[in-house]
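Next, two complexes with chain A in common: one pairs it with chain B, the other with chain C.
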Partner chain A sequence: MPDYSYPPMENRRVIGKRITRLDGVEKAAGKAKYNSDVRPKGTIHAVGVFSPHAHARVKSVDTSAAEKAPGFAAVSVVAKPGAEVNWAGQEIAFIAADTEERARDAASLVKVEYEVLPHLVREENLAKAGVRGKPAGEQVTGDPDAAFSASGTVSHEAEYGIPVITHCCLEPHGQIVAWDGAANQIKYWPSTQTVSAVGGDLAKQLELPATNIHVHQDHIGGGFGSKFQSDVWGAEAARLSKKAGGKPVKLYLDRREELTIAGVRPSVFGKVKLAANASGELTAWDSTTWMTGGFAGGGLNADLLPYVFRNVANRRINHTAVSTNCGTSRAWRAPNHPQVCYITCAAMEDLAAKMKMDPVEFFLKNVDKTARADTYRGQILKASEMIGWKKNWKPRGSSPGTVKRGLGLAVGTWGGAGHASQCRATINPDGSAVVEIGSQDLGTGTRTIIVQVAAETYGLPMNAITLKLGDNMYPASGASGGSTTVGGVSASTRKATVNALDKLFAAAAPSLGVPADQLEAVDSKIQVKGNPAKSMTWKAACGKLGVSAIVETGANDPRNPMGLTTGGVGGCQMADVSVDIETGVVKLNKIVAVQDIGLVINPKTADSQVYGGIIMGICAALYEERVMDEMTGRFVNADMEFYKLAGAGDIGEIEVQFEITPDNDKRGVIGLGEPATVPTIAAIANAVANAIGVRPPVLPLSAKNVLNALHNTTRRFA
Partner chain B sequence: MSSKKKPDQELQAARTSGFSRRGFLGTASATAGAVGGGLLERPAQAAPPAGIMGPGEIEITLTINGKATPVKVEPRTTLLDALRERLEITGAKRVCDRGTCGACTMLVNGKTVYACTALAVDMAGKKIETIESLSAGARPHPIVPAFANHDAQQCGYCTPGMVMASKGLLDQTPNPTYDQVKAGLGGNLCRCGTYVGIRKAVLDAAKELRATGARKNGGSNA
Partner chain C sequence: MHSFEYASPATLKEAFGLLGNSWSDAAVLAGGTDLITLMKEHLAEPKRVVNIKGIKELGGITKSGGGLRIGATATVDDLLSSALVRAGYPSLLAAARGIASPQLRHMGTVAGDLCQRPRCWYYRNGFGLLALKDGKSLVDGGQNEFHAIFPKGVAKFVSASSFGPALIALGAKVKIASSTGEREVAVAEFFKAPASETDREIDLHPNEIITAILVPAAKGAKNATYEVRNREGLDWPLATASVSLTMKGASVGSASIVLGHVGPTPVVAAAAAGTLTGKTITEATAEAAGKAAVAGATPLSDNGYKVHLAAVAVKRALLAAAGKA
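After this line comes the complex of A and B, so read on.
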């Protein structure tokens, strides 16, 4: 079996270098084509009719007036009479017309009669959920009651909550799709995180063989976990295309729909009691949490509590999932983790404050309750140094004046091992090298790192490699979720290119007069190992192939990644904030992140992943909140004006530290997209509590929530 | 459409000659999609006066990146949709569609405009600069490579708007402070979290532009 391991760090020419992403200029120049930019000849436009009611039964759907509207092309009714709709924004019908404006006109003529039914759209008060709450069984480890009442124990009890937030992808969910009815072939241009699998998902909805669907996507405008499915609108756009004689149909959600129905992150609310002995070692944890993932969305894994500090001897966990008449949750960058991180790290900071302990000291005292004591200890100390904790930290509430400064910390963890991925490497007799992979570049730099790996293997410059991805005709590669892509595609690319290079060595060996295993590929040459004098150019070596190209595949098997990729990282972040107690406005001064990492293919795009994760956390900590109106059952801020995101001036300064060392390098490649976003929320929230002397229990740290905490008017959950 | 003149010329003539009934009607019809038909109720009962646009498609001429470009739009069609859906000029993106996020930022007569909240018919005769103009020449505008070099994009969907907002800022403030950069880009939102690179890229492009300007002027320092 060939040796797939990467060359030693010091010998690498391309891997580990700060390479500018290959599509950087294309994107900055506005030339990158997203599928929402694609416009095949004859494209018509479709829009949807959505339920205005959070819970209703459809009595009738009358499309007759709509069908007479100018430019009308086709209609497809999703919710037939008798159908129950379970959230405002649920799909009723889709209408296609020659232009988008006329499709909207036609859609406005669709008459839908509803029988309105009672709804539940808010979950923060569990008592009001009634039968909509589905409690999981209680889990108990050790004897929490005895631990809480043991002498010398200090305990703290409080409530914490994070509201539902929405992915708010800038490119909305949607697609162009053309269904040639005669040939029964579909061309599908979706906005997707899974080029290799989304065609099969659409095929299932349409009851067609997956092989009849050709998927293509060059760029995607954000997904963050919400773009794995082909969705109702994908299937309906296809049906409209077929009805319209195969014309391509463009159907993208508008902003309100995007925020309302295309994915949200589950909330979490909870009552937490935790205890430590006199020296600050955690002894007991007891939490009763609840959340909603919408009507039938995913849950929250409360078993992750207490987060990171898993080995607390006495623990009681109760958790209830509440079904609400709201848009369904989808995976969100680091599913579960930011929420349980906040609950855990906020409760720990509060207990430390009660015990008059420095939270850094308190966290350090408990690192042996984590799976990576040494890692966290080192990270907490490093982050403390970066933010000047010793100099700048003051006990809770002791910052003077009306603009109060505070520091806070939190820790996180993630897996990030590579997903299943296949890659095909072709070396042509003319010397050209092609890498094909059914993956996608979410903007994380996937294109760039694949080409880096291939160029490293072949000893060629990066521009000698032609990469083809973003199409389901290439070898299947996993969905880009859970920080699994970089590990998966780098491993499959490494294996495919090593396999292809071995074949090239075999072809060149006779001319160089040594066995193939004595050859290496360096500086666009094939040469005898360590002997540049005995060499031939890459091109000349490829010329020895005659008329047959080398075509080799490589696969990453997650069960046996052969050292090329692993998972499991820790991370620590600390935040420095200023809070104006007269206005309640929180200003982020600085965040420092010490991130655990494996083999780094591209430090430049790795930096960007960490920055991006932190900034997403800043948005959630300070601004993001889905506001559901109890009366109408609607998402009232489903736009970008009142659903706030951080801007360029809101993020303070961010300092990132990760260690590119031989020890980390040996771990293989580990994904970085999720771990960096986990601790940010809790670090900022802890800094705010430290600054103002009280805990705003429910996020975001908006002026309203901060002032409520300061004036002790926070509405209790129950 | 009873006017013999091209509607955009008509509209422009009405504008430049100060207030006129025609100009008023032209403007009113152009905004009718947004405010409802109320304003037009009375005139609509009479024979349609000359100069009214729509409600169907009309042909106007937009000056896009220096090129006179005829396009058929409805009066309610936004500048953004006219470019994206009718002219296949797709660099600017439609995201919030309500003048909040800046992904559709263009320069109109040198000022940054959210193209999702400007009507195409109102833009006739004005100088429209889009992201495509920055790489039309032999060398791209320095802001483009600066964004790439500082990895100031991830998914890239906000990027064309960010780049145009940066151009707008640098055109008016060639030597911005760090705080001016933050404020100048305050009308543009990114979801991937690329602001760290963006802020550096804009400062870097400003430096490059000043150096280029200095070279052009024969000076050694800007």
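After this line comes the complex of A and C, so read on.
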């Protein structure tokens, strides 16, 4: 069995270096082709007809006028008469025409008759949900009631909420797809987080063999968990292509459709009661939470409460999922975690304030209730130092002046072990080296880190490696979700390249006069270990292969990652904010993140992952909210004007700290995308409460919500 | 977007011939930052689009009678870089800077800003300008956090104009031309609260073109604009106040206070302005004027916070104008 372990930290030449991402210039210069830019010859354009009603039964769909429209190519009706639609935006039909404008004109001629039915689109008032709420059974550990009433106990009870937010991908969901009916072959250019599996998903919808579908994607403009499926629009675009004689069909959602139907993150609202003894140790937790994930969307895992501080002895959990007539939820960067982190860390900060304790001290006092006490203790102390907690923190509400400064903290956790991944490494007799992997680069630097691993193994410069990914003709690799990609692709690449290099050693060994296991690859040479004098160039060694290339594979098996990847991290973030108490406007000064991490392949792209995660957290904490209107049943801010995201001026300073140490390095590679975004919302919310002296219970921390909290009113401002 | 005819006249006379008597006949294109969106959403469906950017006499920001003439095609960027504006009109500069998008500042025109249709999400989602369903307002019982705290009749949206409040406070006029002649309207009268779906929010007819905005001389008057926005990045103000003060020594000779984004038109707070006459601007007098400016507000179910914001905006604009911010 070859030794797949990485060289010791001090001997690495490429891994661990701050390498600029390989596709950065291409993207910044606008040269990168996203699939929404792909235009095969003869492409026609399709658009959808969507239900304007949040709940209705389709009585009839008449496409006859649309079919006579100029440029019309094909139509596909999804919702047949009698079908029930359960949210505004649900798909009724798709129409293709020679141009997008003509497709829109034709779509406007489709006549749909509906029987409008009653709907529910807002969930923040659980009492109004009635039978639409499905309570899960109560879970009790210990004796919460006794713990709350024990003498010397201080308890705090309050309500908290985070609204539904959307993924808001810059590149909307969609695809170009061409179905050659005669050959029964499909060429498919989707916007996807899973190049290797999305073809199979489409094949299932179309009842075709998966091998008949060729998937290709070089770049994706955001997914965040919402782009794993081929979706209704994928299958319908394919059917339209077949009906139109195999012409490629471009069908991408527009901005309003993208926000409305392509996935959201579930909300969470809740009443929390928690208690600590006089010295600040948590003794009891009792939460009643509810949320919506849309009509049939996924729930929220309330069993994660209290978050991170899992070992509170007495605990009662009640949770209700509310079905609403809204677009369905999809995985959203760190599913469940940001919501339960906010509920937990906000309630803890509030209890600390009530006890007149410094929240850092309060969190430290309770780290033994977490699964990684030493990690969190170290992180909280480190983050405190970075943000100047001792110097800058003041007891809640005691910041002077109109613009009040506050600090807040939160902690998070995530898995992030590598997914199943396969890689093929080829070394050609001319010395060229190719790595093929059916993965995708979500913009995280996947390309860059794969090439770093291969270059490290081969002792070659990075530009000597040709990487091929983004195609389902390459060896299958997992979906990019759950922060599993970096661990998966680095392990499979390492194994494939080590296997290939062993073959090259075997070919070169006779010329160098030593057994193959005495060789090493350094500085573009194959040499006797530690003896540069006994060497041959990489190219000369490859020349020994004759006419046969080396083709080797490597696979990461998540059940046996052989030390190359693991999961399970903690993280701590602290926020420094200024809040203008006359306007309620929150300004972020700084966020620091101390992130637990394993072996770091590229500290630069790792930093960027944390920046991205924090920026998403800032958007959600300060601005994002899906506004549903009960009267019309519509998502009224499904645009980028009132669905607000942070601009560059809103972000403040971000400082990232990893613990890159030999001990952590031994854990192997761990994914970073998810954990970096988990604590941000709660840290900011806690900083705002610290600054202004009261808790705005429901996010976002808009001027409205902050002023309402300051003036103690939830609806009408006094 | 429906197909339309596109015309790019070189003279005003030519342009008049291309306009019609109904809004569906023709639309005037200057910056296009609102018109194009309206057309994409089928909220405007003109048969013809008349680009006026090629009409030379409509451009530029020039001196006029001691004041300013802002040509109809002068962009927000033109305004920001104008030495004339920079010399005497900080209230216009602040309003321009509030449009936190280089693209919009580059394309959008000052005159076009006055003509923007409301951003009300019921209107933009196709529920009509007044958002009435079976005669009932969707706004009243609906999502109204960004709507009017000074509604007028059935009009509960807010005017989207960034420059309207400042121009009104400065006493500016809009110069309008058609094939039959020219007229001038005070900016304060240019904005109108519509009473029906077919009414417009401005005093402009389909056959007319704004040719310029005329701003009186600042003559040592002090002016300022304060906008409250959630984001530093591009964001609509939640409330705006523009003020203009003429001073008699250290005290106020006369004041003008205009609120933006709080009603279907900019709201002139004459009584509040009157209270300042003869006073010096201090934290206390400014705050009192702010409170007086919102005394008549009638907020909806979810926008009471805007009453507070408007008062704060007035206070801060006054302090800024007096150099005490």
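The rule is simple: the second predicted complex is superposed on the first by the 714 of 718 C-alpha atoms of A that agree within 3 Å, B and C clash if a C-alpha of one lies under 4 Å from a C-alpha of the other, contacts with A are read in each partner's own complex, and residues count from 1 in each chain.
FYI, contacts are C-beta pairs under 8 Å (C-beta built on N, C-alpha and C of every residue); 3 or more make two chains touch, one makes a residue touch a chain.
Bear in mind the structure is a predicted one, so any value in this text is a computation, not a measurement.
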Partner chain in contact with A:A371 - chain B first, chain C second, else both or neither: neither
Which of chain B and chain C A:D607 touches, first, second, both or neither: first
Contacts of A:T20 with chain B and chain C, given as first, second, both or neither: first
First, second, both or neither for A:A296, with chain B first and chain C second: neither
First (chain B), second (chain C), both or neither touched by A:A146: neither
Partner chain in contact with A:E101 - chain B first, chain C second, else both or neither: both
Contacts of A:G649 with chain B and chain C, given as first, second, both or neither: both
Touching partner for A:V636 - first (chain B), second (chain C), both, neither: second
Touching partner for A:G443 - first (chain B), second (chain C), both, neither: first
Superposed model, chain A: greater residue contact from chain B or chain C: B
Shared chain A surface residues [contacts with chain B and with chain C]: 101, 639, 641, 645-649
Parts of chain C lying in touch with chain A, wherever the complex brings them together: 1-3, 42, 100, 119, 121-122, 124-125, 127, 133, 138, 141-143, 145-146, 228-236, 238, 299, 301-309, 312
Chain A-touching residues of chain B, taken from the complex the two chains share: 74, 76-77, 81, 84-85, 88, 90-98, 100-101, 103, 130-132, 134-135, 140, 143-145, 147-149, 151-160, 163, 179, 181-183, 185-186, 188-199
Chain B-touching residues of chain A, taken from the complex the two chains share: 20-21, 23-25, 27-34, 36-37, 39, 45, 99-101, 168-172, 219-224, 254-255, 442-444, 604-605, 607-608, 611-616, 618-619, 639-641, 645-649, 651, 654
Chain C-facing residues of chain A, complex: 101, 104-105, 108, 582-585, 587, 622-623, 627-632, 634, 636-637, 639, 641-642, 644-650, 702-704, 707-708, 711, 713, 715-718
